[in-house]
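What follows is chain A paired twice: with chain B in the first complex and chain C in the second.
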Partner chain A sequence: MNLAQQLINGLVLGSGYALIAIGWTVLLGAARLVNFAHGQLYMLGAFIAWFIMFKLGLSYFLSVPLAMLALGLMGVLLQAMMLRLVMQQNLTSLMIVTLGFGYVMQGGAAKIFGGDPERFISPLQNATIRFGEIWFTWQDVLTLVGTLLLFGVLWLVLNRTRIGAVVRSVAEDPKLAQLFGINAALVYIGVFVFECAAVGLGAGLVAPRTPILASMGFDEVILTFVVVVLGGIGSVGGSLLAGFGLGMFTALFGALVSPAYTTAAAFLVLLTVLVLRPRGLGAK
Partner chain B sequence: MNLELEASGISVRYGGNLAVDGIDVAVPAGSMVGVVGANGAGKSTLINALAGWSRGTPMVRGSVRLGGESLDGLAPHRRAGRGLVLVPEGKGIFADLTVMENLALVRPPTDTTGRHVFSMEEIFGLFPRLAERRGHKGGMLSGGERQMVAVSRALRAAPRVLLLDEPSAGLAPRLVYELLATMRTLVDRGLSLLLVEQNVRATLELVDELYLLERGKVVARGPAASMKNDPRILEAYLGSLTT
Partner chain C sequence: MKNLATPAALILAALAYFVPTVAGGAPVAYAACTTIAILAVMAYGADLILSYLGEVSLGHTIFWATGGYAASRLAVNAGWNGWATAGAAIVLSMILAAALGAATLRTREFVFSLVTYAAAVVAMEVAFNWSFLGGSDGIVGVPPLELTILGHGITGSSNAELWPIAWGLLMLTLLFIHRFRRSRLGTSALMVQMNPDLALALGVDARAVRFLVFVASAPISALAGWLYAYQRAYVGPDMFESYFLVLMLTAIVIVGRRLLLGPLIGTALIIVQQTFFSIGGDGDKIILGAVLAAILLLWPRGLIGVWDVLRRPRTTAR
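For the complex of A and B:
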């Protein structure tokens, strides 16, 4: 086993996990909501970007922001439909409703894009960089840099701006926030749009690694769940740490033991961490 | 008399329980009006209903006018934007945000006609302690400091009428008098204030007019000077003064 190569693989994998999970982290932290259609949003983001690139003929670098825009608009629509439940913090109904949205998205995508796997190929995917026996692609660099940039900007916005303080205030007490003149409904919509757009970015950067299928999404939800819980609910820094940690673990476990058992092993790590640190790695 | 706040026929029902029963209340411009009553009389329910705010889902009826304009049907954040600003009982600030972040959450209104926008300097002049604690998170503050932040936050919103719900709850008597005296100073400078309090003695010394609530209804109302001699007030709250 080439340890350095596995560490690089772990970093790349981890940045993808963190990127896909960040929307959920903010949604759960700021709105105390879960979105079980997260995986299907990832799938849709990949297919929309693929459609823009291969059916409309636009470049990869346009297809990703346009997919983010499309998912953001979908976020407005979904949140408008769920807003009453969100304002009531009716979590059980929301869980079922988002699961339902996920199935509708999956069925709709299969109908529109077909049931066969497609290749969403980034022009950076085959551009490799080599240092002796270690190699990675420019797509890996883009994913890593994109993830670090997004997390950095998000951390700054949440912790150093009034918008961030507004989001944190709604997270703590949406009723009280109303008395500060804050429209909690608008904040919920904004956070949901961010979640959708962020998972769109994740799909645009990560999905080129594998064939895309209308039935995909479940694995992404599971990994997102692990990252969000490991990192500590709502913790941006914790999610990044958990994403990289999970990526490293997956790469090393796959190389040293077997790729077949990485998900089971990842959950074992999750259980161990939660026993030792019940509020996750990012908890203070 | 120029009424800054005028509410009529306010009723609040929680399921089968009528917590407030057809109350009329008014706050003249630049005056301090007190609402007193025993626990469960409906004081907090009334003041929350005026702000259109509640932690539950009550059925509210009645009409609220601020500066002559109807606020009926407006969400709490819109009423706050118009200048009807509530400081609720108990937790009135965000524990996870610093003092400065709590204060900066409020956006002063764009139309400030007839309203005074309190600058940070004025806020820290009123409550010097907050200047020292500006970087501390709300959860690290004492009860008195939290109340100061809650009131300051409301002042930053340039209230036409400030609704203050039991600011004395959980505070040492000295702090209560200091806080209420500060409020009186602001009223003397033109602020209109509706104060809900259990501390009848302190309230009577500071307010211009007093409402006495019992079981969701106004049972007595009048200028504070005359209410001091109302037998219901004397009997229930100021008995020790008559001995």
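For the complex of A and C:
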């Protein structure tokens, strides 16, 4: 095993985990909403981008923003349907509703895009960079840079702008925020649209690594749970750290112990942490 | 009225036994009824958590699969009879539930759901990779179920022969849920869910209640998985599929939570649609998911809520 290579792999994997998870982290922090359709949104994002690129013949760099736009529009629709439950903060029902949405997306995608695995190939996937024995692709670089950029912008928006203050106030106390004339419903829709678009970006950047399949949602994004919970509910910086930590763990565990049990091992870490600290590592 | 409840329930239970006969007695009728009974029992396990604790357990596929794997592994490799494998399914599922229940003791709401879901993913990965459990191929060639009841040997090699056993298991489950609802544990669970402050004031140990209900719910789903293994003569990692999870939750919420017969009617509606009015596997997924979402979005209390809406004008006029 080449340690340096595994560390690079961990960094790349970790940036992907963090990128896919960030939408959910923000959603959970601002709206206390758990979206179990998150995995299926990732799957849809990948398929929409694939469809635009390979069926409509547009460039990769156009297909990803278009997929983000499509998912964002879907986010408006989904959140509009859930708005009453969100305003009541009926979290139990919301969890089950999103699970139902996810199942609909899975069936719908299989009907529209077919049940066979497809390859969503990015032009940067074959452009490799080598330093001696260590190598990575330009796609990896794009994912890492894209992730850092998104997290940086997001942190600035949440902490340094008026919009961020509004979102944080709704997260803190929606009723009080409404007394101050903040339209909480609008904030919830905005946050949900951000989640959908962000996972669309994640799919556009990360999905080229593996074949895409209509049924992949539940499996592919389970690691998102780990990132979101370990990073601390709603913590932007925390989920970036947790993403990289998990990426390193996955790369090293896969190389040193067993690739087949990587997900199981990651969840055991999560379970241990939750037994010790039920509100996550980042919780105060 | 109350004195009539027991005979009425007995008559209903007896009538239920003849449903496949009335439905024509064809193999497909027996298959559908047996499947409904098995999956309804599976749903009742999760119902205990969702309806009475008010939490969403996404981990009950673990217990369902535990029952299936216990039955097939012990029947195929060790030649155990039906009673022995059922006992193993109960014990193993309760051990697993105790471990998971202890790990999730301090978690609530979405953290509880996430952790139970994570545990199910871990369990699936273990089943998928562990050759002891057949790995990705699962365990094939489960022999027909053999049970000896009061000296009479019953063999369940077809759905028609399995139906009495499935019916019996369903009736036992309904009796258990009925008793649970009136038990100290059941009422404490509802109190912890509805009014935690009152529960605390009355000295109810919320964590103990949650733990006990969780452990009590596991063998129900496990026994369903146990019978499912004999029905299909095969178990595999597909018992962890989200289909069963979505089915459990939909069956519980479709008619309304906290109704004794709710999950049974819900399961029956779903399986009848999928057996007789199927529009293909992917289409059925869309229907199942859409029903689940639509019920909670439109009538959060389930179809029973529609009844209330229809009845409202009369009650307000009074």
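Rule of thumb we're sticking to: the second predicted complex is superposed on the first by the 273 of 284 C-alpha atoms of A that agree within 3 Å, B and C clash if a C-alpha of one lies under 4 Å from a C-alpha of the other, contacts with A are read in each partner's own complex, and residues count from 1 in each chain.
The rule we apply is simple: a residue touches a chain if its C-beta (ideal position, glycine included) is under 8 Å from a C-beta of that chain, and two chains touch if they have at least 3 such contacts.
Not measured: the values here are computed from a predicted model.
Engineer: Should the pairing of chain B and chain C on chain A count as a clash or a fit in the superposition?
Structural biologist: Once both complexes are aligned on chain A, chain B and chain C fit side by side.
Engineer: Is A:T250 touching anything from chain B or chain C once the two structures are fitted on A? First, second, both or neither.
Structural biologist: In the superposition, A:T250 contacts neither chain B nor chain C.
Engineer: Check the residue A:T263 against both partner chains and state whether it touches chain B (first), chain C (second), both, or neither.
Structural biologist: A:T263 sits against chain C, while chain B stays out of touch.
Engineer: For A:Y103, is the partner it touches chain B (first), chain C (second), both, or none of the two (neither)?
Structural biologist: After superposition on chain A, A:Y103 lies in contact with chain C alone.
Engineer: In the superposed arrangement, which partner chain does A:S15 touch: chain B (first), chain C (second), both, or neither?
Structural biologist: After superposing on A, A:S15 lies clear of both chain B and chain C.
Engineer: Kindly classify A:Q79 by the partners it touches after superposition: chain B alone (first), chain C alone (second), both, or neither?
Structural biologist: neither
Engineer: More residues of chain A are touched by which partner: chain B or chain C?
Structural biologist: C
Engineer: Between chain B and chain C, whom does A:S63 touch in the aligned arrangement: first, second, both, or neither?
Structural biologist: Touch status of A:S63: no partner.
Engineer: With both complexes overlaid on chain A, does A:L271 touch chain B (first), chain C (second), both or neither?
Structural biologist: second
Engineer: Given the superposition on chain A, what is the angle at the CA centre of chain A with arms to the CA centres of chain B and chain C, as a multiple of 10 degrees?
Structural biologist: Value: 90 degrees, nearest 10.
Engineer: Have a look at where A:D173 lands relative to chain B and chain C in the superposition and call it first, second, both or neither.
Structural biologist: First partner only, chain B.
Engineer: After the two structures are laid over each other on chain A, how near do the C-alpha atoms of chain B and chain C get, in Å?
Structural biologist: Distance of closest C-alpha approach: 13 Å.
Engineer: What residues on chain A does chain C touch that chain B touches too?
Structural biologist: The overlap between the chain B and chain C interfaces on chain A is empty, containing no residue.
Engineer: Report the residues of chain A in contact with chain C in the complex, numbered from low to high.
Structural biologist: Chain A residues touching chain C: 28, 32, 34, 81-82, 84-85, 90-93, 95-97, 99-108, 110-111, 115, 218-219, 222, 225-226, 229, 260-261, 263-264, 267-268, 270-271, 274-275, 278-279.
Engineer: Quick one: in the complex, what on chain A touches chain B?
Structural biologist: Interface residues on the chain A side: 162, 165-166, 168-169, 171-173, 175-184.
Engineer: Under the touch definition given earlier, write down the residues of chain C that touch chain A in their complex.
Structural biologist: Spelled out, the residues of chain C in touch with chain A are 50, 54-56, 103-104, 106-107, 109-111, 113-115, 117-119, 121-122, 125-126, 128-129, 242, 245-246, 249-250, 253, 281-286, 288-294, 296-297, 300.
Engineer: Under the touch definition given earlier, write down the residues of chain B that touch chain A in their complex.
Structural biologist: Where chain B meets chain A, its residues are 51, 53, 55, 75-77, 80-81, 85-88, 91-97, 101, 104-107, 153, 157.
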